[in-house]
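Below is the structure I would like to discuss, written out as structure tokens.
We call the chains A, B, C and D, going by the order they appear; numbering starts again at 1 in every chain.
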Amino acid sequence: MPEDLADVLHQLIVTTRILANEEVLDAFGHVSVRHPRDRNRYFIPRHRAPELAEASDLIEMNLDSEPVRPTQFRLYSERVIHGEIYKARPDVNAVVHHHAHAVLPYAISGRELVPVFHLGAVIGSKVPFWDQRDEFGDTNMLVVKPEEGASLARALGGNWMVLMRRHGATVAGADLRQLAFRTVFGCHNAKLQSQAMAHGGRVDQLSPGEQKITEAGQLGPTPIERAWDYWVRHVEKAGLMPAKVAAKRKAAPAKASRAKSTSSKRKAKKR
Amino acid sequence: MPEDLADVLHQLIVTTRILANEEVLDAFGHVSVRHPRDRNRYFIPRHRAPELAEASDLIEMNLDSEPVRPTQFRLYSERVIHGEIYKARPDVNAVVHHHAHAVLPYAISGRELVPVFHLGAVIGSKVPFWDQRDEFGDTNMLVVKPEEGASLARALGGNWMVLMRRHGATVAGADLRQLAFRTVFGCHNAKLQSQAMAHGGRVDQLSPGEQKITEAGQLGPTPIERAWDYWVRHVEKAGLMPAKVAAKRKAAPAKASRAKSTSSKRKAKKR
Amino acid sequence: MPEDLADVLHQLIVTTRILANEEVLDAFGHVSVRHPRDRNRYFIPRHRAPELAEASDLIEMNLDSEPVRPTQFRLYSERVIHGEIYKARPDVNAVVHHHAHAVLPYAISGRELVPVFHLGAVIGSKVPFWDQRDEFGDTNMLVVKPEEGASLARALGGNWMVLMRRHGATVAGADLRQLAFRTVFGCHNAKLQSQAMAHGGRVDQLSPGEQKITEAGQLGPTPIERAWDYWVRHVEKAGLMPAKVAAKRKAAPAKASRAKSTSSKRKAKKR
Amino acid sequence: MPEDLADVLHQLIVTTRILANEEVLDAFGHVSVRHPRDRNRYFIPRHRAPELAEASDLIEMNLDSEPVRPTQFRLYSERVIHGEIYKARPDVNAVVHHHAHAVLPYAISGRELVPVFHLGAVIGSKVPFWDQRDEFGDTNMLVVKPEEGASLARALGGNWMVLMRRHGATVAGADLRQLAFRTVFGCHNAKLQSQAMAHGGRVDQLSPGEQKITEAGQLGPTPIERAWDYWVRHVEKAGLMPAKVAAKRKAAPAKASRAKSTSSKRKAKKR
């Protein structure tokens, strides 16, 4: 993950646009990133459709999910999902909560989501379920109270993805690029498992050994960078690349040379 | 809902474009809105594909679905659906009749459509069926006679969505934005329920308590505005934003400042 | 159908583009129209992907599917499908042979395709199957010999659509617009029936009386014109509207005023 | 296949863009071609998403999949798939490894993929399975060692497509255009077979005689050229046509006249 704060926040917006463009996020859902230099804070957009969020919409939160500075912006009611996971999991630096149609059938049917192809290994060895109703009874089905967020974080445990019954999923990452990779291929895995189940017979899955070795391999820098560059190109083609970047680049060319994103470099060269 | 008539009619066109862009409407189907100041009248486009309808195509109808002023335009043969529901339901101010592929499988299989995820709560606690054949025998399957419309309105009863066997669905709203929200997420709920059923086992659904609390929450202004802004952005990107608005704005800037649509404001600023 | 030959040929190209844009045709398949003034001839493009065919690619054929004038163009090997149906069915003036993914599952599973919603009534009361293997044994699975085309025409009989086992479908129309309407909504019906069957229970279908009355109603000029205008708009947005039209219009404005296509009129006004 | 090296390499990039545009390749997968004048060498892009690969990214390999000239580019870890198949199969001159969602359900469910419609005949009379686990136990599921590539090539045997359990597929061709044709229609066949199986009953398939005769027919120059021109048009419309071509054409018009691609000719004429 970049160390420069502006670069991190830009990457947060790019990640969000990727997940919107890859049919993970729609009008709802949200992505956050832990502050690169203060582990007790994180950034998340103000309340709006994630695809529409700009860098100027990002709010700095403490881990109780309260804004560090007063703001007049409306906030996501479910931001405790992010704060409580950052509290419980020091190894997590990026979180997305989504309602992707690929995974929702599992949240409804209760069928276990398992890695069925090599890229699906990145969902981890287990994807637990969480049912808000178990602990909190009939609610508005949103994770708004700190204790609801903490309960979800407990269900996640040491895993990287949790299915929320009749609601959606929450995915965690060591950084934003890993998060994007796990989330998109988690959705592909879910779709493919559903289609294989429709064949009517037994559904194969990765052996525990395959899952472990393959997860480690796919989460290395090479596959993630390759997929990231591909998704960025598609975000650019969809006209979704955050406009602010170009402005920043023009104003501060020295900064651009530090950017980790090869796709941004490519773009910069073209101009 | 806006109180200004021009704003209401513009919102009707925008709602229609949203529902076309979100794959609810195709060549067929229609959306109407009750007159904001005369509860015995409503507006609906002349006979044409809803995506193609402009503000200049809107016809003012009385609740018997007859044009208030003589018109040479061809009218939708099924407009009694709208008039009869406005008669029966004073709390309804907007109606859409559609044949979305997401819900038609239920109209064919007869499987009950139930809320299976939080956003699906907005279809209400029950989605009744109506079969034109029960009362009227073999017909051309269009709801053209006042008594056919009245029969459909009775089947709808106090609910917000009714499935029409071998035909489609009709959805009602307290206003146009609520109508768009209920219709789109009703379609998402239907798709997800079909996919969860294909997993072959039990399909979970919201408890009655969850449905009630969640419906109330999701129909508040915040979720609806967030989704509306997102859909409007996509309508703009698809080149479907009604052209007339810009013209009106230029001619009457004072009016623009009263517009409720944040997306329209955004657009106005850009120009 | 227009009476002017140039208008008919233009409409043939537009119909083809509509069917390509509506996911009926891909690299393969073809559309033809009977000569408006000589019932023993028909027009069909030279051998190329139908979406790419221009008016200048159209070849005039006799009903034995031989070119009326010598041509150096390669011809569709399966053109006898068209000629033999025109021979057998004086009421047919337009034919399409396609491999749409919506209907192919029926050609593979052998499940009967039945009208399951009102617009599906236009497939007719029966969609027969034809298996080339029954009469001709192992072949290259193309309908290339006159006797193969005649066999298919016999299987079609007095119906309007025939499913070809392990191959595709052939659809007939009284004119090109009716053909487009029947073909597109036949595909929608097929998709919806598949989805309803996946619900696992009984699948409803139109009663014989409903089918007959509804077919007659939907094949009237009003629904067909409404759908046509909608599809033309989408063809225009996809950049697929045949370029030649504009040129012709400019050269001969008098002719344009005779055109039946409202969408063409609309286009003409805009320029 | 063109004999001129530059033309072959351009066709490799075009084939790759076609397969990306037709939803066969995404961030992963790769296409290669044997050197047209040195049967012990082949070309494959450096490590990057195939859709993003340019002619300048192509690396010349020997059949042990080592670069003929030193390179600082990162290489595909799975390039032995290509080298080992070229070693084992003198009749193969083009290879693609992919994870298309159309075929992965078979790699997961273990259901046999069979030709179910005429165009599907090109997958050949048998599509064998290969499970890396059988011979190599728990691995990172990538085909990286020469012996893993050789094992896969043995599983392919004399066939043209092999399904890799929990991973994807590899397809071979006598040339690049045949490869594209077999790969795309192999995916269509897979989708259609899945949909036909979902109808719940028996699934028809081509008889051995039909498969053999039809495969021979479809792999002739006529169907392949027709489909190629169609896919190229769609690649052009998607803005994916490799930019280098135009430059080369302008610099060397004499070469352009030798090009086999009719679509390129068409493009050249328009300019």
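Odds and ends about this structure:
Assume contacts are C-beta pairs under 8 Å (C-beta built on N, C-alpha and C of every residue); 3 or more make two chains touch, one makes a residue touch a chain.
Keep in mind the model is a prediction, meaning the values are calculated, not measured.
For this pair, subunit C with subunit D, the centres built from the Cα atoms lie 33 Å apart. One finds 46 Å separating the Cα centroids of subunit A and subunit C.
Residues of subunit C found to touch two or more other chains are 197-198. Interchain contacts close the chains into one ring where each touches exactly two others, per the touch definition above. Of all possible chain pairs, those that touch are A-B, A-D, B-C, C-D.
Considering their complex, residues 116-119, 121, 188, 191-193, 195-207, 209-210, 213-214, 216-217, 222-223, 226-227, 229-231, 233, 237 of subunit C touch subunit B.
Listed in rising order, the residues of subunit A touching subunit B in the complex are 26-28, 47-49, 51-52, 74, 99, 101, 104-111, 133, 137-142, 165-168, 194, 197-198, 239.
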